[in-house]
Amino acid sequence: MAKKESTFTNMLLTLVLVSLISSAGLGFIYEVTKEPIAVAKDNKKRLAIKRVVPVFTNNPSDQALKIPADNDTVYIYTAINGTDTVGYAIETFTNKGYSGYFKLLAGFLPDGSIYDIAVLEHKESPGLGDQMLKAKSDWSNQFEGKNPENFTLKVSKDGGNVDAITASTITSRAYCDAVQRAYDALKKGGQQ
Amino acid sequence: MMSSSACIEQKGVVENISDGFATVSIMSFSACANCHSKKLCGIDENSQKSVTALTGSKTFSVGENVGIIMKRSLGLKATFIAYILPFILMLAVMLTLNYTGVKEIITGLISILVLVPYYSVIYLFNDRLKKTFTFELTKLE
Amino acid sequence: MLKTFTLGGVHPPENKLSAKEIIKELDIPENVTVPLAMHLGVPAKPVVEKGYPVKTGQLIAKGDGFVSANIHSPVSGKVLKIDKALDVSGYKKDAIFINTEGDEWIETIDRSAEIIKDFNLSPEEIVNKINDAGIVGLGGATFPSHVKLSVPRGKKAEYLLINGVECEPYLTSDHAVMLERSEELMVGISILKKALKVNKAFIGIEVNKPDAIEKLSNIAQEFKGISVQPLEVKYPQGGEKQLIKAVLSREVPSGGLPIDVGVVVFNVGTSLAVYEAIQKNKPLFERVVTVTGKSLQKPSNFKVRIGTPLIKLIEAAGGLPEDTGKIINGGPMMGKALSSAEVPVIKGSSGILILKREESARKEVGPCIRCTMCVKVCPMGLEPYLLMTMSEKALYESLEKEKIMDCIECGSCSYICPANRPMLDYIRLGKNQVGKIIRERKK
Amino acid sequence: MKQWKNFAKGFIKENPVFILFLGLCPTLGTTGSAINGISMGLATMAVLVMSNVVISVFGKFIPAKVRIPSYIVIIASFVTIVDLLMQAYLNTPGPHGEPSLYDSLGIFIPLIVVNCIVLGRAEAFASKNTVLTSLIDGVGMGLGFSFALFLLGSVRELLGAGSIFGMKFIEGNGILLFVMPPGAFLALGYLIAIMSKIKNQLVNS
Amino acid sequence: MDSVILDTVLTLSGLGAGAAIILFFVAQKFKVVEDPRIDEVEEALPAANCGGCGFAGCRNFAEACVKAKDFEGLYCPVGGNETMAEVAKILGRDAVEQDPRVAVLRCNGGCESRPKTNIYNGAATCKIASALYGGDTDCQYGCLGFGDCVEVCDFDALKMDPLTGLPVVNDSNCTACGACVKECPKDLFELRKRAKKDRKIYVACRNEDKGGIAKKSCSVACIGCNKCYNVCPHDAITMNNYLAFIDADKCKLCRKCVPECPTNSILEIGFPPRKDRSAETDNDKNEVTSGEKEININNNKEV
Amino acid sequence: MELILIIIGAVFVNNIVLSKFLGICPFIGVSNKVDTAIGMTGAVTFVMVLATLVTYLIQVYILEKLGIEFMQTVSYILIIAALVQLVEIILKKVSPPLYQALGIFLPLITTNCAILGVAILAVQNEFNLVESVIYAFANAVGFGLALVTFSGIREQLELADIPEGMKGVPIAFVIAGILAMAFMGFSNLV
Amino acid sequence: MNKQIIISPSPHVHSGQSVEKLMYGVIIALLPALLVSIFFYGKGAIAVTLISVASCIIFEFLIQKYILKTQVRIHDGSAIVTGMLLAFNLPSNLPWWIIVIGALVSIGIAKMTFGGIGNNPFNPALVGRVFLLVSFPAHMTTNFPYPQGISTPYISHIDGFSGATPLGIIKEGFKNGKSITELIGDVPSYTDMFIGKLNGSLGEIAGAALLLGLIYMLIRRIITWHIPVSVVGSFFLFISVLWIFSIDGHNIIMAKTSLNIPYISYTNNEGALVPFHMADPVFHMVSGGLFLGAFFMATDYVTSPMVPKAMIIFGVGIGIITGLIRIFGAYPEGISFAILIMNGFVPLMNRYIKPKRFGQTN
């Protein structure tokens, strides 16, 4: 099986052929995976929402209510089970983290009490600020079931009801700030 | 080995000799050259390059193993002319065009195309460069 | 502020034990061994054979080429044999063995004590006479003096520097010469001035020899163009490059010679030898040697014949102490440790130092902690720690670039190193190899 | 027997990471945890096996001078396929919202294409050997690579987070540095030293 | 669906074609690819990178072999004839054979036969010590014993014998790379032809002093008495500066010279014990076994 | 200002080698000599910037226009491979002596993952053209900074007594680890 | 009989200087600071120092003896220095096992991996310290006990047993959007900080005592002035320039806090206090580990350049990077990082910056 000679046409032909077959195959796989990829992307938000509000049947991420806040936007997703509104998942943020910006998804029940909160995006320090993650500590559990109406979203140092993460008051403050912003947006959105 | 000497030496083989100049082929190794597994990793693109060098007063024969010596500073100079300068040119053109509000695609294309005149200029300066970049040959025992 | 050189330097304890001792003449030994290689350059060729009768001062070996020097018999007697003998190099090399009979000098030598101040030879005649007399540098390097006096074409000597620094601890022979032979020394310097056609000569002396400074300063007033320059005490001020820097603020360029900055340096002993050769027709066959050491009974300065076994000097100074650890030809910083006390005095022997056993042992070597002390003390601005490591790893190319050849082997680096690293040992090795490579390249 | 040797060499004797130092970027970049490490290893293995097979079949028909670009195209295609598949099926976030496998491997998936192991094997091995041998070689090398990444990932996770595969062994955090970039370098450095020692002992005995 | 696939195909084919064109020119310009035989030759070499061949490393040697027309001056002492035959096969040339050689130490002045007269206290390397003086014994030709040679041997073929203070060559490891020959400042190593069963007879001394002096400094020194020279039936021995030298090429290992030497400075190694003199000499010989071979090393005791 | 932040970010805070783990092979392989490291940095700067420029245009004006972003990997790698070779040919054609000098001085630039990685990251960060190019440049500088520092340390270690088992690659990684740790001091600088 | 005399190359005498003497000199220079620390922190300080020094010595011994199988040279005192300096960089209430990990990293990773004393490119104590800082941020940033048995307005004002250092308080305050005027009440006065009445790591609290140590080392000629002066000087200049730029037309005045402590403050033209988001240079000089780093850690022989000119460049680099990290970075204090980063450049400096050679022709 002698190797092919490297003439110009041969080379051109081979490469084009290889490209052709590869790209055809790729295009095919792309088509096949297009759906699942879209679903997966969609699922990500859906799954996050699922974590912070009770069981729902609609697709909350389809319609989001946009509330402008501090030069940015807070999104409110409404979770509906059958016909009942079972909760609101609110994509909120803060700029006051130790490393500035981070993003939360705060779930509220229709009565305004907090159902659960998830961190979407953050750069807080490992070992300190990142204790706000569910995966790292139970700290964020203290918010569950609290209604900001009568639960001051401030760390105890500042006269609020929140116990700060050890050695991470800044993150704790920022977290409260973000949740408060979500709550404010919910209030505002409720008025709309 | 620590090489703090002012010159670099490469080994090569004399291919051709004509009045005062010898063409020597040397091995040029890829960035992976120092990696001892280059043979397993196919990127072992060592290619042969030939270098023309002054023979000086010594006499060489075809097929002889020789060393090619070049001043280290020349290497840095070559890098500068071949890579750094065009890069600066490219960046300057791009920033200027961008500043004057030319469309992005045009800016991009012109920035690339500016390399054409640059290398043409180098082509014109070839004689000068030839005088600058000279190499010396040594005998190897 | 006293003048001194700017870069580096150390100040080891001076220990000038024999500073107050006047020069004593040592008895002539029964046998002398005169090595043929007592100078830098090609060994001399013997002009006598076994059984030849010789007189004191008679030429027994002739300089072989330009950089070489004549050798004269230090005693009168009979040539016993010409054979290999252990000398200060630590190797056996050719030497002329002479059996002493009486002390009959050749007639031309003027043995009177009178100091002759006038001289009227031309510079060329002076250089020739110095060549004939076999004078080599007595400062230690034993470089043939006539070579130094023949200034190469295109260069011009402006100053003559006389090296009376004697910066090595313990040694006092130059000091003694300056004190006791001051006037002859001055005449010698005048002769050298004439030979070099220079108007100005400086005698550099460290301030730890105040009596010498005073005495020479006084006498210098009689001699035109000679002045004494007191210097701060700092080793290695006696190194010619350092001395030139200290006295004249000139820097001999790297790889250059003093003459490149218009200077020629001679040792005081050499100057005295020049006086004796020119004014008294006396070739170089004896010299002043310090015999010293803390354990020695009588540290002394002796005037001895070349070829005398060192043991004779030591015996005259009270005998070899029980706990002797090292016998050193020269000072503690640059001198050479000898493997035997039987080796003969040569032209370059300025002193014999006996160290006690506990002073002699080197301490355990540790890894370099990069404390920079060696760099700070190196008078040549080198990085000894680096030179040592590169020598160890045989990186000769890098060594050359790091200017290893500039090292004057003063030993300040090894002296100071807290990790007791034998830097100079390795630097010498490196210099050897690099020197070889350079010579090879020149070919 | 020979095939077995061919298969087994990737683990210690010719381990791509510890002995041959290939594919170091993904090795360092994806071993924050054991699971990420092993996933990256397997993804690489998938590409390696597929490209090895394809190239051992078609390699002979490719002229020498376009060998490298053709291989690159083939490999890049497989990489893209793996990328797409992972994006589709391995893209679910963890129970606490941890990033999905696809997200945490990030840029290192497309970078499989420049992993020397893949191209190197294609060039040096697959193009000269039969399909079966190439396949076994691919699996062996791929497993060796996965093993290395798994080992490094486990060490880092254990030291850095006190867990392996997410199973906690200690309360709270470990030595955090090990899950950060510097820890990757340090852990790999010492692992290489240890593994080459083991290898030398194996070779000598 | 179609448009995506079409776009994909078109884009990639375009790029592929572009790459092909570029690469074609690349290939045109850089036409010579490294001779693949270099790799093959390198593969065949022992990869010791010891420099014994005179090249910086095995690869350089491989290049030289491939490029040179014949094997003149090219020999890998480590791989020996087998390797060179293989290299020759790869290159389709005739192999050149060289006699296998082995290093021998031409000094036998151990601590007892060569009493120390000084204590050396400088940097512990032979090179530095030899620059300083002849050595810590009266013999300035002999081994200094700091083991520079041991350091440079890449093959574990040398080790210092703590009893004698001399290096010992392990014949089975020695590849005759010559590193020790280059290293020793006293020039004490010689590469000698390997004879059958690694037997050898050589004068283990380099002392060029006259007999009396030599004998005084070392009891096993060659004193230049000419006795061996006179007895050798094959003219293998030459005398120079009161020192005998046995030419390995001429020596037929007849062992006649050995008993002649009044100072026992001729060593015979690898021979069965002599019958007639066994009673006297056996005590003085220290049987050292290394591998399967038996090597006799004279233990430097005065007879 | 934006651009300066991009530069500081890529050079110090998220150094391509020490914190993003790209281009480790040349980092370990070509870092024995300081001069070569400097030269390599120059060459990599040019290639990285050029590659990012071209891939940016391809991405925005072909792949995204056609909606085939998934072809990123394939097209980038082909382009980069061809580009590197092209530069060599042009240099050779344009000025043989220059080319020869480079040949003696530098190893060939290999398409390593740093170049591809930076091209992809520039797209992922949604930079515009100028930002992408500056980003590529900054990463090249970051690469150079790490490479040159590192080669300096390794050159010095040639003279040190490294324990046998740690020699070579292991010690290189330990140094890289400590260097990466030191660079963590820059975190959050931008 | 021939006496065996010794022979060796020259020189035949030695200055008597030794590694031990130098190291014990450094230890003596560290003692004043240690005493101040023990005075203020009590048993904690003693325990941390003892654990650190002991583990450093033990690790060095074990590694030399059993892993590297080289000569054991713990007697040279360098492990003690490393141990002390590591301890000086730690809070006095650190759990013992973290200290042991730190010592293992210092000696095992940063020193012995490279072949032991003299070979390590990075400062061992600092590698250990930064390792711990990154690995155990909670323990290493916010948990510094306050001095015991001392009552200063600052300490009595604070509740709790431990907290962040003044630098940490300032950094945290700025992050929370507070101005220096609001924060200054939470930190000690300048003089208190200088003499050590503050919370911090063992060695960063006593500027005055460290200064004493520096003077001792300078007199004994253990170190030269170049590095300490250039670090502190460039740091001061850098911070001053930043500060002056950010003052931006406001007036500088000496004000008094509610506790009657003088501090530097700022007013606008109307004489009203203005919020200001940078601490003044004096504050930066007396707080944090600047002196410890500049006097004892940047001067480590092994990891600093060999030539005065390079030493100054090295020092200036440290000063500026420290300032950058303190003002802009994530960490309240940056000198450890700054020294480690500049350690990385030392080989390049050694390569390119050569001493002035004798007879150098330009």
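All chains are identified by letter, namely A, B, C, D, E, F and G, in their written order; residue positions are counted from 1 within each chain.
Just so we're on the same page, a contact is a pair of C-beta atoms (placed from the backbone, for glycine too) under 8 Å apart; a residue touches a chain by one contact, two chains touch by 3 or more.
This structure is a prediction, so every number in the text was calculated from the model and none was measured.
A count of C-beta contacts for the chain pairs A-F and C-F puts A-F on top.
The chain closest to the protein's centre is F, with centres computed as averages of CA atoms.
Of all chains, C has its CA centroid at the greatest distance from the CA centroid of subunit D.
The most distant chain from subunit F, with centres taken as the mean of CA atoms, is C. Subunit B has its Cα centroid 51 Å from the Cα centroid of subunit A.
Spacing of subunit B relative to subunit D, judged by their CA centroids, is 35 angstrom. Averaged Cα coordinates give subunit A a centre that lies 72 Å from the centre of subunit E.
Rounded to whole angstrom, the centroid-to-centroid distance between subunit B and subunit F, based on C-alpha atoms, equals 19 Å.
The multi-chain contact residues of subunit E, meaning those touching 2 or more other chains, are 4, 8, 11-12, 15-16, 19-20, 23-24, 26-27, 30, 117-118, 121-123, 128, 131-133, 136. In subunit B, the residues touching two or more other chains are 1-4, 32, 35, 39, 43, 46-47, 49.
Looking at subunit C, residues 90, 337, 339-340, 360-362, 367, 390, 393, 422, 425, 428 sit in touch with two or more other chains.
By the touch rule above, subunit D contacts subunit G in their complex via residues 173, 175-178, 180, 182, 186. Those residues of subunit C that touch subunit G in the shared complex are 7, 10, 12, 90, 169, 241, 245, 251-256, 324-328, 330, 332-341, 353, 355, 357, 359-363, 366-373, 375, 378-383, 385, 403, 406, 409, 411-412, 414-420, 422, 424-425, 428.
Residues 3, 5-15, 17-19, 21-22, 73, 76, 78, 115-119, 301-302, 304, 306-307, 354-361 of subunit G touch subunit C in their complex.
Touching subunit D in their complex are the following residues of subunit F: 18-25, 28, 70-74, 77-78, 81-82, 111-113, 116-117, 120-121, 124, 165-166, 169-174, 176-178, 180-181, 184. Against subunit E, the residues of subunit G that register as touching in their complex are 2, 4-9.
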